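What follows is a set of structures to go through.
Common to both upcoming complexes is subunit A, partnered first by subunit B, then by subunit C.
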Partner chain A sequence: MTLQFLRNKVIEVEPRPDGDLSVSWRLTDDLLKAEIQLIVQPPELEIIEAEARLERYPPLSCRDASNLIKKVEGVSIGSGLRKILAGLLGGTVGCSILMDAVLESSNAVILHFTRPGIEAGETVADPDKKLAALRERLKTNPRLVRSCIAFQDESPIMAGLNL
Partner chain B sequence: MLIDLHVHTSPRSPCSNIHPAELIQEAKRIGLDGFCLTEHQVLWDWDEVVRLAGDNGIKIFRGNEITTAQGDVLVFGLDQDIKGIITIQELHLIVQSAGGFSIAAHPFRGFKMFGVGQLGMTLDQACKKKILQFVDSIEIRNGRVTEKENEVAGNVAEKLGLRGTAGSDAHEIGALGTWVTIFEKDIETETDLLRELKSGRFTIGSAR
Partner chain C sequence: MVTFQRTQVVGAEFLDEHTIRFNGIQEDHIYGMEISMKVRIDDGTILQIQGHMKRYTNFVCPQAISVLPKAVGLSLREAEWDKQVMREIGRKGCEHLAEIIIECGRCLDSAILSRDLARALKENPDLRQEEFLNSRKR
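Moving on to the complex of A and B:
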């Protein structure tokens, strides 16, 4: 027997004329059709509006998704977001679909801001210049230091930086 | 008195690599007079603090770093744990009724890859951040944020007329004392600490 399961997921971030960002997260598979819509207000990246619609066969914990999602209004996309959402949306016993949706939407918002810089860095062909730019970024951003294996003390990127 | 107001230890804060016993020697070595154990959502038992302090001459105080839906808040003088996520307004009422003191911790901490500076936040916009309306003070120097983020916090505190505190937010022993709050008067007890925080008789500096 062949089991077929198809899932599509789309996340879009669209700047609005008033400067806010409209974020649309949509998931469709054979069992579920889910959609959340966030309005995010820069510069604090506060979620000022949140709506959710789950159709077909959502888990019991998500049946009240349209009301549950309202809890994230007033929350800012930033550090500690995972913990805040776990508390507001119920963590492992809550509606994980909504939590994933908001986290993935938040990642998309962050990418909206970071992608241009990353892309600009990718155009630098000289490996030495690329490394120098990366080391400069490390010097000005302490949270990157030791945040992943590439930025551990023994990494060549960190050599001589004394951070 | 040099006191690091913001320190995390393992295992109470799982994100920290500091063993509590390490703190005393390191505090002595760098010339700290004391530090506050501010774990995430967990308050140390007083008996354990007394045992840890021993007779080493280093003062140890207790606080709590509480996550609200609007950001992290350091709380002093609140003898209870807060479980789950509450709003800053709810926390404010709890702290007020307990006679405690609250500090917005690293209020402008950004992301790994970019900070608030790149979002183009003006000083006026930063001052309107909701959490700042419901705290007694702002942490204007934190050891785990960028210079720019500390600078924004400092400017906001000045504009709002709030006294700014400093703490390392140490999660590794080498970070202890990177930023400290310098109190004018001697502080022996948690009651003294609360009184001096409320009085605003302090400045900020570093022990490193």
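Moving on to the complex of A and C:
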């Protein structure tokens, strides 16, 4: 059966020589071609530059995307981001495509920092040591607790942790 | 070099006038997962869902597949449906499976619009596509 609609989305995080992170978010489907580019500055993870280009047939509410995206400059990636972006880019006069793009780009930045720890864990062969490392990660990242099935109270990973 | 990359691909098949099937794939440097879900077009209700976890980070993750049936009956047209998916499937199962469901759900209206535009263009090849799309609520 042929497809009536196909969407492709790619998000990339690439550190720059100056230490900032360049984040590219691109979407293409039958009706929309969209691209946002963020420059994120560690350690505060402040979005210091933001650009957007929406082509093909963007919804009318997103026609001013290249100006709208400027509202996120100065915003830092961290707790409360969803609420902040809803205030800046959401609502009846906002553009949900941009809001989702910035949230997904921010998530990619977090995963950029998460990846080395996960890779280090993969080098541990002993299951008991692997479990101990996971539990240690939970102790230092309380936000992970009950964030998914692996970290719910009944999970074997959580056994005896009292978190 | 690129230190993290994520790709999402969502394809939409119209099985009949009332049913659409989304096939969503998410691949990134850490996770690799897929969702296939059937949705009733009239009200956006998820009728059937299947998932496949290819790459994940710990031995408990694959149990998240057992949580997917909670998505059946949920409507993609309800207010804050995406938050409900993240709460029911993401937090109780796996947030990355939830991300694919949400992307599939976001494609519902665009897929219908795309189908309708293709049909309208068949009837009238001179149709102004932008006018057609702007005449539809989106």
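As a working rule, the second predicted complex is superposed on the first by the 157 of 163 C-alpha atoms of A that agree within 3 Å, B and C clash if a C-alpha of one lies under 4 Å from a C-alpha of the other, contacts with A are read in each partner's own complex, and residues count from 1 in each chain.
In this text, contacts are C-beta pairs under 8 Å (C-beta built on N, C-alpha and C of every residue); 3 or more make two chains touch, one makes a residue touch a chain.
In this text, all values refer to a predicted model and were calculated from it rather than measured experimentally.
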Superposed partners subunit B and subunit C on subunit A - clash or fit:
fit
Check whether A:His112 is in contact with subunit B, with subunit C, with both or with neither, and answer first, second, both or neither.
second
With subunit A's C-alpha centre as vertex, what's the angle to subunit B and subunit C, nearest 10 degrees?
120
Which of subunit B and subunit C A:Ser147 touches, first, second, both or neither
both
Look at A:Leu32 in the shared chain and tell me whether it touches subunit B only, subunit C only, both, or neither; answer first, second, both or neither.
second
Report for A:Asn162: first if it touches subunit B alone, second if subunit C alone, otherwise both or neither.
neither
After lining up the shared chain so the two structures overlap, which partner does A:Met1 touch, if you call subunit B first and subunit C second: first, second, both or neither?
second
Would you check which partner chain A:Leu88 touches, where first means subunit B only, second means subunit C only, and both and neither mean what they say?
first
Subunit C versus subunit B, contacts on subunit A by residue
C
In the overlay, answer first, second, both or neither for which of subunit B and subunit C A:Pro59 touches.
second
Report, in whole Å, the shortest distance between any C-alpha atom of subunit B and any C-alpha atom of subunit C after the two complexes are superposed.
11
Would you please give the residues of subunit A that touch subunit B in one complex and also touch subunit C in the other complex?
114, 118, 147
Subunit C touches which residues of subunit A in the complex?
1-15, 29-32, 57, 59-60, 100, 104, 108-109, 111-112, 114-115, 118, 121, 134, 146-150, 152, 155-157
Complex contacts: residues of subunit B adjacent to subunit A
67, 69-72, 84-85, 87, 106, 109-116, 118-122, 125, 129-130, 143-147
Subunit B contact footprint on subunit A (complex, rising order):
42-45, 71, 74-76, 78-80, 83-84, 86-88, 110, 113-114, 117-118, 140-144, 147
Subunit C - residues contacting subunit A, complex
1-15, 28-30, 57-58, 60-61, 63-64, 67, 90-95, 103, 106-107, 110-111, 113-115, 117-118, 129-130, 133-134, 138
